[in-house]
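Below, each structure is written out as structure tokens.
After this come two complexes, each holding chain A, first together with chain B and then together with chain C.
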Partner chain A sequence: MTAAPAPAPAGALRPGFRLALRPRFRRRELGLLLVVSVALIAGRISLGVTQRAAAARLAGDSGPVAIVVPTDLAILAAYVGVLFAAHLALVLAGRRTDQILLPTVGMLGGIGLLLMERLPQTLAGSLGGLARTQLVWLVLSFALITALAVAVRNDAWLRRYKYTWAAVGVGLLLLAFVFGRDVNGARLGIAIGPLTGQPSELLKVILVVFLAGYLSENRSLLVEESTRIGPFSVPPLPYLAPMVAMWAMALGIVVVQRDLGAALLFFLVFLLLLYVATARVSYVVLGVAAALIGGAILYSRLGYVQTRVDVWLNPFADAQGAGFQIVQALHAFARGGLIGTGLGAGLPTIGGRPPIPALHTDFPFAALGEELGLVGILAILGLYLVVIERGLRIAATAPDEFRAILAAGLSLVVGVQAFIIAAGNLKLVPLTGITLPFVSYGGSSLLANGLVVGLLIALSERGAELPPPGPRRGRLARLGRLVDRGAP
Partner chain B sequence: MDPALLVVWILRLLFLGLLYAFLWSVVRVLMRDLRSASKGPATALGRLVVLASPSGEPPVGAAFSLDAVVTLGRDVNNSIVLEDEFVSTTHARLTFRGRAWYVEDAGSTNGTFVNGSRIDTISPLAFGDEVQIGQVRLRLDRARP
Partner chain C sequence: MTADSSSLGRRIPIGTALGRVGLALAVAFGALAAGAGYWQVFRSTDLSSSPDDAGVIAASRHVLRGVITDRDGKRLAWNVRDKNGEPFRMYASPALSGVLGYASRQWGNSGLERAWDAQLSGAASADPLYDLTRKFRTDPADPEALKTTLVLQLQQAAVKALGSNRGAVVMLDPRTGEILAMASTPTFDASAIANPATSDKAFRALQADPSLPLLPRATQGRYVPGSIFKIVTATAALSSGAITPATTFAQQPPAEKNGLLVSGFRVHDGHHLFTGSEAMNFDQAVEVSCNIYFALSGLKAGGEAMSTWAARFGFGDSIPFDLPTAASQVTGGGGSFGGGFEDDVELANAAYGQGETLVTPLQMALVASAVANGGILMTPHLVLSATGRTASTTISPTVWRQVMQPDIAGEITNAMKLAVNSAWGRIFTSGARVSGLTVAGKSGTAELDPGNKPHSWFIGFAPADNPQIAIAVIVEHGAHEVRASPLAGDLFRAWRAWANT
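Our next item is the complex of A and B:
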């Protein structure tokens, strides 16, 4: 749970993690959180009434239906309580940080929780059903957001150890190769003893931290120097190395892990950050060309990539087999229409299972499209746009390049992931199995996205101190350096 | 019409309405934030913040908004005047070219240092880097929007 920060004796904690009690009211956040809680409670009541009315109709019962049953609200009330506890902790910490992000992700998490309450509880989860398990993960995620937003005052530990972070990321990838557990043909999860998780969710955060460190250090070189090959001006070749490594890594994830979603996400975020750092369109064009070539090679060599693309182009060719998920999702969107069927009034489950396989992890967008309609999913996409806007705004006001690129990257990684899976659900791009941030069921996803938002809020503090710059190094030394310099 | 059905309908629309009420209030806050940001002075290309200045002129903590070409030195004709006995008349030049800042030494006696190492040619300067001129230490920051 979110504990109120207690004044700690100086020197008891690592530098950079200092706690102090200095309340400062956050009126905007409080106001927005009130709107969030009213909206979520209205949604829960709507869901309860719809479900009871449907049950009564099924039983041939025409008596009046209770509008509010207190047991309906238990899970949601606990969630709203956690949101306000997080708000209280931020007030007590008294930092001048962003006040929009917490209510926005709170709304997304709440919509996800409503969906989990509506789905059959036996679908997943070990702690007494789908919704309860999701509630526990949401609580942990918001505790993480609050802890980071309260305690992270200094980003030196992120910027200084960027190669260490990169090594951790590669280690995670190797873990996934070795201890990989196949889920629906894709090697997404790892299981070491009782611990299971999806490393790619954490990997995306590490990737952004590493790229922010690398690009901020080499930005002026990437911007100013270029190698000419014929009529084309390409980036300075030695500095292209990380780009090629990135490209190879993305392809490696596709080949070994069969994780198209993570590969697409990593590469898109990399290209966006390269553009954010250099403002050069030519790099993006080059990157997209490389991705298309890589994609064409993979398509011609790997069967499951072909299946994915063929299913995307014509899911109705094999509507009962490979195209089943997509066809069902399209039907769900069609049933939803403009304003949806209402929460809880979507297509009933068939034989105790929802019609779309992996609905709670990969297709929550389709389920929400059915029950909230076009109007509802546009609002949800709007919430992700708000997250991106806040991140870019924090980046624009950041005092130095590392913070600017980090803030842009953190918000883009959430936004791009949401748009990849939403577009996949809508058959706009080939479907890739990644989660809808803060809405999908799953602990790894919620914790990793909590990490992202917590860091963003911490980064948004106005008037923050900058760490002293390190000594400037020669270019070759910088490129060849694999071991980070230690703390001063 | 069945009253239960009516209640269901109203609640459905209420939830969607409240979703948009939230979005509307967020967008209002964002617009106010953007408007107040755009009302500020025209954005400069960067700022130089004084970190250390033994002579007290300029004082520590002072910040200079930068134009595309900035000269630093002891002479009053420089864009930033540094009253320090180890600073030459015209000591160093900061230039913004295309997309990045550069610093070059203008033939000073005691040299110009970037992050602790002396520069001999024109060299790129990233935001957050420290420049030392005489005993004065300055940091290049991004301009406040």
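Our next item is the complex of A and C:
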């Protein structure tokens, strides 16, 4: 166990949250942020020149294009300013936390923002266009990251109330069932009065917190008390219940909310965390089998699942109908080729509309594939791999299992989500309507992913104190205490 | 490091599991990279050059179609841009609708816009080198500007002459086959179809219009010709030797009163009030448009000769022309009487333009043109030149076929001159005569089913001794109220005004 952290000069605000003002330079983060800024500004200048050249062509001019007008840069400059402000706050907080995550998600957010600036501004957004609205959400997201990374010192509030969190999650799900609002045939959003949002984005974080609590408490039991059925070892029956519940919830989301993407995300993250906690491949195999059986039942019963799968298998069969979006996405990748058309030069419009309707939410990956090419796609995939790698590293060096599983789960929820939508865009898996983390347009997604990354940075602090054993109730809690008894 | 869940036994290596999960995700992301590589490298060319590709479609929508001008360089069709920056067509006048057609994103193309679409949109280039290197260019389209044979002011004069009547006018230069005017009424506003803001409404209204404005009557309308067809019968009868200009028929004068009995069917005539009981020769028969004379000539020449000589004018098949044309016919065909005629009654009726005979205005303009040009029919055409970025194609006049001998064309010309200018002829063809210009022509009144007013026709050319303009005019159901002959007279004057400037 590492030494306890130096006593903080500032007093505790309240249990679990403490503010400390002791600057500690973060050279690596600063250096990477500078690289990110240069890349983004270069991208914005390139986009500006392309856009002005296109406008001039439209007006019938063919002369050389004037160099950057400052107003072009305003939105991106504000964003880069926010990144450095976040960096400054982390420096002032003086915690020894991860320095890679902020620049990485900063780059992803910046690429997304450039894309939003490039798309028709009327596509979405109530705050003066697509890019401005996205900027506002990005600012809030990075404010959330910073606040969590600075202030969260203690995870007791997460681990102690896992069943409360679970209840909140179930409540959110019920809200979605009741107040669900159909978006493109799926009940992705809820609208209560003026508040709208996608509950599944918040739900994924709550799910990870609950799983981290549940699995860390019961992992030994899950492994030791397994029963063998034929070649498979099955988790002990009392502990099977949450897994069956998880499976049922995923199916329920597909049936009631028609949200294939969220169901896939939840179930994959659940299986991966189950494996992290138990190291039992057989549980994963069992889970995949259960998912396949559930999927087969849904396929035979639900028309929209059938359509999704059939379109996935052969989108070109109905290229003007059900397969339209995915076929257009594949064409976009093809037009991009190896090095892309350049920002602003792709996505040919027909009648003033880009070829794919939901470019900003469901297909930013395809849009970037066209304009940045295979090279850009590989870079973006690399950025997500960095997020995953940092998360797993934080997990591996975590002081206890709860933190380990929590950190792994938080990074996986981002990585797996990116995989599902990217693979959907590339026709590797059926297309779903989930967002590309930090790149897609949308407040719910940006805030939820900000929550994830903020927690990850906070969890990464080296020399963090262990939580005090809290009061626990119930049979499961008693079992859990057995696990914790070994801790110092 | 951490104390593992030890009380129940062995340690569970969480680090190893994390490593494997990391590896699994790395493999998954590797699959994404491979998938992206497949679409962006292996399928790149195939998909991005397919006609369904948004880039290909957008390029075609952004291409500026070539400008269309008339033979004097006046713009007939050009491009303006909508709010999305995508160009659409504007047309100089609705009078052009029957020949230029329209080019619309929503409804496709018609008319000359359709026939020359490859050149106008730049999909085909006048420069063979450009076609070879097209794939390597950033701007693959090489739109060509078309200089047409049309004269905007004649086109407008033709539509103005037809007024609110349905009908068609074709004017061409018999020496070259160049179409100077090709009008069809009612006209339509092709600009409204081309403009994406008004396209749907305009097009649906036109589709629902019972007067069929979208039908290009000059090339696609098939009409009963009536007496103008006698020029075809004259060509067949004179060329086959059935008659000479001096031929008279003894049974003609008595038949004038009660009709000529052909196998129980009576062919009637209405001119004996003027001509009395004179047995007329060829010239006189043309002057007064004698049905009985031509019925007898047709019967004497025979069905075979009638069909053969009509076919030499272009009957029986579509005409080689820029625009698609409906085939004209002498007979419904399939009959056993010879030349496809059912019997002598059908032949006798066809000989003066009734029976099963159906013609397009373009076909009848070509009949006049062949007579005017000494029997030689030039290939009709609408385009003088197509000019791209680097090269230009010029279309020269070509002979389509020799329809008749020059001396026979001369005989017919002489008769048509009398039909417009002689004392008798002027009664029937009044209004076609133009002072200071010798017009040769033939009018026609095409009888239709009972209850339908007859079509009024005129075909002719001028100046008769050196023909430079041939014309066909039809006024649908014009009867004796709106006659084609005076419209033709107006159009000859309009032509003279244009030719003298």
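One rule holds for everything that comes next: the second predicted complex is superposed on the first by the 455 of 488 C-alpha atoms of A that agree within 3 Å, B and C clash if a C-alpha of one lies under 4 Å from a C-alpha of the other, contacts with A are read in each partner's own complex, and residues count from 1 in each chain.
Convention: a contact is a pair of C-beta atoms (placed from the backbone, for glycine too) under 8 Å apart; a residue touches a chain by one contact, two chains touch by 3 or more.
Since this is a predicted model, take the numbers as computed values, not measurements.
Participant: Between chain B and chain C, whom does A:Ser220 touch in the aligned arrangement: first, second, both, or neither?
Facilitator: Both partners, chain B and chain C.
Participant: Identify the partner contact of A:Pro399: answer first if only chain B is touched, second if only chain C is, both if each is, neither if none is.
Facilitator: A:Pro399 sits against chain B and chain C alike.
Participant: Classify the contacts of A:Glu389 with the two partner chains as first (chain B alone), second (chain C alone), both, or neither.
Facilitator: Touch partners of A:Glu389: chain B and chain C.
Participant: Would you sort A:Leu172 into first (chain B), second (chain C), both or neither based on which partner it touches?
Facilitator: So A:Leu172 meets neither chain B nor chain C here.
Participant: With the two complexes superposed on chain A, say which partner A:Ala263 touches: chain B (first), chain C (second), both, or neither.
Facilitator: neither
Participant: Which holds for A:Ile377: it touches chain B only (first), chain C only (second), both, or neither?
Facilitator: Second partner only, chain C.
Participant: Between chain B and chain C, whom does A:Thr278 touch in the aligned arrangement: first, second, both, or neither?
Facilitator: A:Thr278: touches chain B and chain C.
Participant: Based on the superposed arrangement, let me know which partner A:Ile45 touches: chain B (first), chain C (second), both, or neither?
Facilitator: In the superposition, A:Ile45 touches chain B alone.
Participant: If we overlay the two complexes on their shared chain A, which of chain B and chain C does A:Leu436 touch? Say first, second, both or neither.
Facilitator: Neither partner.
Participant: For chain A, which residues belong to both interfaces, chain B and chain C?
Facilitator: 219-221, 223-224, 278-279, 373, 389, 396-401, 404.
Participant: For a test of understanding, state which residues of chain C touch chain A in their complex under the given definition.
Facilitator: Listed in rising order, the residues are 1-9, 12-22, 24-26, 28-29, 31-33, 35-37, 39-41, 43-48, 50, 52-55, 57-59, 61, 81, 83-86, 105, 196.
Participant: For chain B, which residues count as touching chain A in their complex?
Facilitator: Checking each residue of chain B against chain A gives 3-5, 7-9, 11-16, 18-23, 25-27, 29-30, 33-34, 37, 98-101, 114-117, 124-130, 139, 141-142, 144-145.
Participant: Chain B touches which residues of chain A in the complex?
Facilitator: Contacts found on chain A: 28, 31-32, 35-36, 38-39, 42-43, 45-46, 49-50, 53, 56, 64-65, 67, 99-100, 103-104, 107, 216-217, 219-221, 223-224, 278-279, 339-340, 342-343, 345, 372-373, 375-376, 379, 382-383, 386, 389-390, 393, 396-402, 404, 466, 468-472.
Participant: Sort out for me which residues of chain A touch chain C in the complex.
Facilitator: Going by the criterion above, the answer is residues 1, 58, 219-221, 223-224, 272, 275-279, 319, 327-328, 330-338, 348-352, 355, 369, 373-374, 377-378, 381, 384-385, 388-389, 392, 395-401, 404, 408, 412, 415-416, 419, 422-423, 426-428, 482-483, 485-488.
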